[in-house]
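Next come two complexes built around subunit A: one with subunit B, the other with subunit C.
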Partner chain A sequence: MAAPVAIHLEFGGGAELLFNGVKDHHVTLPSQPDPWDVKQLLVWIQQNLLKERPELFVQGDSVRPGILVLINDADWELMGELEYQLQDQDNVVFISTLHGG
Partner chain B sequence: MTDEVGYLKAQLEEKEKDIVALKNKLAHLEKSNASVLELYEKVTPLTPLKAKASLSNEDIMRYSRQLLLPELGVQGQLNLSKTSVLVVGCGGLGCPLAQYLAAAGIGRLGLLDYDEVELSNLHRQVLHGEENQDQAKALSAANAIKRLNSTVECIPYHLQLSSENALQLIQQYDIVADCSDNVPTRYLVNDACVLSGKPLVSASALRMEGQLTVYNYHGGPCYRCLYPVPPPSETVTNCSDGGVLGVVPGIMGCFQALEVLKIASGQGSSCGQQLVMFDAQDARFRSIKLRPKQAGCAVCGENPSVTRLVDYEAFCGSAATDKCRKLNLLSRDQRITVQDYKSIMDTAEPHLLLDVRPLVEVDICHLPTSLNIPLSSLEYRKSEHIQLLQESISQLKQQMEGDCRPPVYVICKMGNDSQKAVQVMEKMSGSEVDSITVKDISGGLMAWAKRIDPTFPQY
Partner chain C sequence: MCQVEEEYHGPLLREELPSVSRQCVKCKEASAAVVIRAGDAYCRGCFKEYFIHKFRAMLGKNRLIFPGEKVLLAVSGGPSSCSMLSQVQEGLSQNAHKKLRFLPGIVYIDEGGTVGQSVEHRRRTVEDLRAVFRATGFPFLMVPLEQVLDLPSSVVLSAPGAPEQEAGAYKAAVDHFLLSDGSSGATAGQQQETPPPEVQEAHTHSLQRLLGSARTLTAREELLNILRQHLLVHTARSAGYSKVMLGDSCTRLAVKLLSSISLGRGAQLAHDTGFSDSRYGDTILVRPMRDYSAKEIAYYNRMFSVPSVFTAGLDTKTADKSSIQHLTESFVIKLQADFPSTVSTIYRTSEKLQSCKGSASAGGDRCLLCVCALDTAAENASAFSATLISEQLSRTKSPGKSRQAPEWTAPASQCCSIVGGELCGNRGRGCCSSAKASEPPPLRSLLCYSCQLTIKDMSSEEVLPLYILSEAERRLRRSQLREEIRDFLLEDEADEG
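Our next item is the complex of A and B:
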């Protein structure tokens, strides 16, 4: 069994509007047989934080185009994307790209 | 006698001063008239920018405070004077960007914008003034820049950047700054920069946030490396929908100017594989390390599939403007005009007027009898709002005495959200709320202001 993981989730660039306008979420992912990865985190977010209109946040088993995922201040592409195994106290940011000028 | 001589001498001196002042004024006027700016409606070849051999005394005085910086110095200043920068978009980002580049002594500025100045631009597009309304933004910006620094060569382009003209234009400049306001233009500018090998200093802003990255720079990633697939068009919010605090693009445009000046002077930018995010609410900047250039990128990768410019509006499924597009989701019998609604109001026909805009917009203006339930509350089936809606419908039903379907008219700003709301409510009718007849008021409150009540505010 993997121990529960406490992480800090942040939403920005307008993505917070899908979560009642709340940018910061300190959450604890419960204990489960395998370690938590980002793919499972996306499912957990959909089931626990995002109740409606999931298509504005996810597409397939990943985030929708136009949302950038940052893990501990680095692009998730550098961290293994969906396969990255979450560590206790990790900081995960979901930021919607802005286009206005 | 001596008194009179002294008096006449003083008079003469005074008149001589006047003559000098008048001569200066005339020279100044002649100079500014000679440099009346010509507006470019299409892309034409430019003469190459000549490198200065040395700084003039006037240059030294004008730029003295920045010449003192070892990071810039004389060589950096000379480098600025031989650099040309294309500013794509003369709006909230482009205005402060162009202003600081001109003040710092950049050699040539291409100022591109297809749009004209409107009153609602002035809170953030700070080169334009009240007297410039309806003028081409490119020209208005160029005139303001000329007043600031007449030695900067300004080329105002009043045109829409397109797949046909972008390469020819961008090839003529050393650095490109993306200050545009829509997704298709961002992909177009990126691809044109990759295909012509130009660094792209890109920023964006919305509401209280800003983002900045330098793309296609020193082997770093391009915009497509980061965003290979455009966002679904319904997830994109523009400044006219989402709002923006003017100083936020102001800060981001200044930041862009900084990175352009570092590249142009030879210091180099450190934002090549980095995303800078600015949160104005928390007053916080944050730098994120980005992925490197992607081998599989469609335009800058090893086997690019994009080898010439494509149709970016088709690629993105949206138009290359920040204007709101008009949706057409309903059939004709599901919609009424503002004139229809006026007569419903005048005949006091029992009905419910539902305003589905967010509360912040209802605070700006609203019709007196409307019930406000934001579209998002309907979409998310917020229980307190659904209950409020049901109560209003029940009251109306009692008032109408009979087992009819009470009419509900839905209004918003432009008539897009109201159509979505009609679709949501049709699903709810007869199940979550009593059976209703629900219709949208075509064109919304802005049509009401234009056609029915000219005293109603527009925003």
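Our next item is the complex of A and C:
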């Protein structure tokens, strides 16, 4: 059984518009048998934090193209993208590089 | 490949997933933090060096900005322009290797009125940016977009610029500058705190009415771009800046290139997406960020704490198909996700475009709105004349003209004379017969193809700002005059259309 995981989420570049304008979120992911990975985090965000227009944030399993993800200030491509397993106190940043938010 | 139990981790294109244990490909010591392009992993230090170097190289390679020149930085608050601002700061700082030598100023155009932001919200954004600009030490101007309604009509004229410099002139200017005052560290002008100009609500309403008269979001965005550019150039000219730096990134320019083609701006591509844009003659628009992808800029801003302020635009949170520009952006970004060289390929194509020199110099041969050379010569077998013919055929079958190839060069001369400067484009008023109703308003003759399309999407031309309408009137009168005395002129005019 994995302990609950405390994560610091940040949204920038216009992505915060989908979350009521709030850029910083400190969340605690509930405990579950398997460790949390980024794919599950996205589902969790969609269900719990996303206020409107989910298609502007997620596309299928992953984030919408144009949204960058940094895990602990490093490119998520270096961490395994969706397969990266979240650790306690990790910092995940979503930055939108799109013109229209 | 064809085994049943075979599992594939990740997309097939990538053979080896870069991982955090990968070393930076440049220094091979520190652990990688960013993946640039398709698979090059850089550490923080090398990435910063690479980023800064690219800016210098872009300016140095093009040798357009002379030492001591006044350059206006157009900062929208977005990541690219704020990154450009920080690069300029970095480059001008004393301890920079081969420091930059021009005198920057900053301008911010407050477009909150176009999306219906409250006065309070706009003020807050302006204050946030003011704090950022104050920290740089450069003189700055905060200009509300509503000021575009009060511009003089000279803004759409291309003033003669500085004569073409020969190759050695840049090097000579640099040497001279170094000799004359290497240590004065020419201050970029005093920062004056002028109170923000009060925006009258009536002006905001006029602006909204103007943009609201465009029926499609595509036309609205194009109109906004034109107005913004006019205001930028006017600000630069009146404050004495000879160059304006725009913060368009590689990604943004790739999208712009494709959407320009869709909008009929193929002839003006070199101006719209090139490094330097000299359509206004004396004020040159420069794009030093055109080599940076949006990802690089976002990473740099995040890692090195470059402040930026997000402001909603016309197409924020709209559906993908709401406008041509938005759809193109969505297309390019999605394609880029699977084929990481998309944007750079488009960029390399745009580097090869050049505008043909000397195609139009006089004011009469340029588009009224975008100030680029007119591309609407309807020669006999051109595609443009075909669209004109089909357009005429699909209108009402009133007698009208009996010409073969419709000419829009001097339509004013076909109907009764213009009375006291009143534009005959005003529908139903004054002199026009029913045949005239099938003719397009004469404003179209002054516009390039894509600006014609933009204006066609507007419900009424009268909401256009006064400076555009009065300049249009002036040009129509001149062309009518030219028509009338054509037979008496000894030499042919350079071209009729």
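The rule is simple: the second predicted complex is superposed on the first by the 96 of 101 C-alpha atoms of A that agree within 3 Å, B and C clash if a C-alpha of one lies under 4 Å from a C-alpha of the other, contacts with A are read in each partner's own complex, and residues count from 1 in each chain.
The rule is short, and it goes like this: a residue touches a chain if its C-beta (ideal position, glycine included) is under 8 Å from a C-beta of that chain, and two chains touch if they have at least 3 such contacts.
Just so you know, these numbers come straight off a predicted model, no measurement behind them.
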Which superposed partner A:Asp75 touches (first subunit B, second subunit C, both, neither): both
Touching partner for A:Lys51 - first (subunit B), second (subunit C), both, neither: first
Touching both subunit C and subunit B, counted on subunit A across the two superposed complexes: 12-14, 53, 56, 65-66, 68, 70, 73-75, 77-78, 95, 97-101
Contact footprint of subunit B on subunit A as seen in their complex: 12-14, 51-53, 55-56, 64-68, 70, 73-75, 77-78, 95-101
Residue ranges of subunit B in contact with subunit A within the complex: 89, 91-94, 178-183, 186, 203-207, 209-211, 226-232, 234-239, 242, 244, 249, 275, 277, 279, 286-291, 322, 379-381
Contact set on subunit A toward subunit C in their complex: 12-14, 16-17, 53, 56, 65-66, 68, 70, 73-75, 77-81, 93, 95, 97-101
Subunit C to subunit A touching residues, read off their complex: 10, 17-20, 22, 32-35, 41, 79, 251-252, 255, 294-295, 297-299, 302-303, 310, 312-313, 315-318, 325-326, 329, 333-334, 336-337
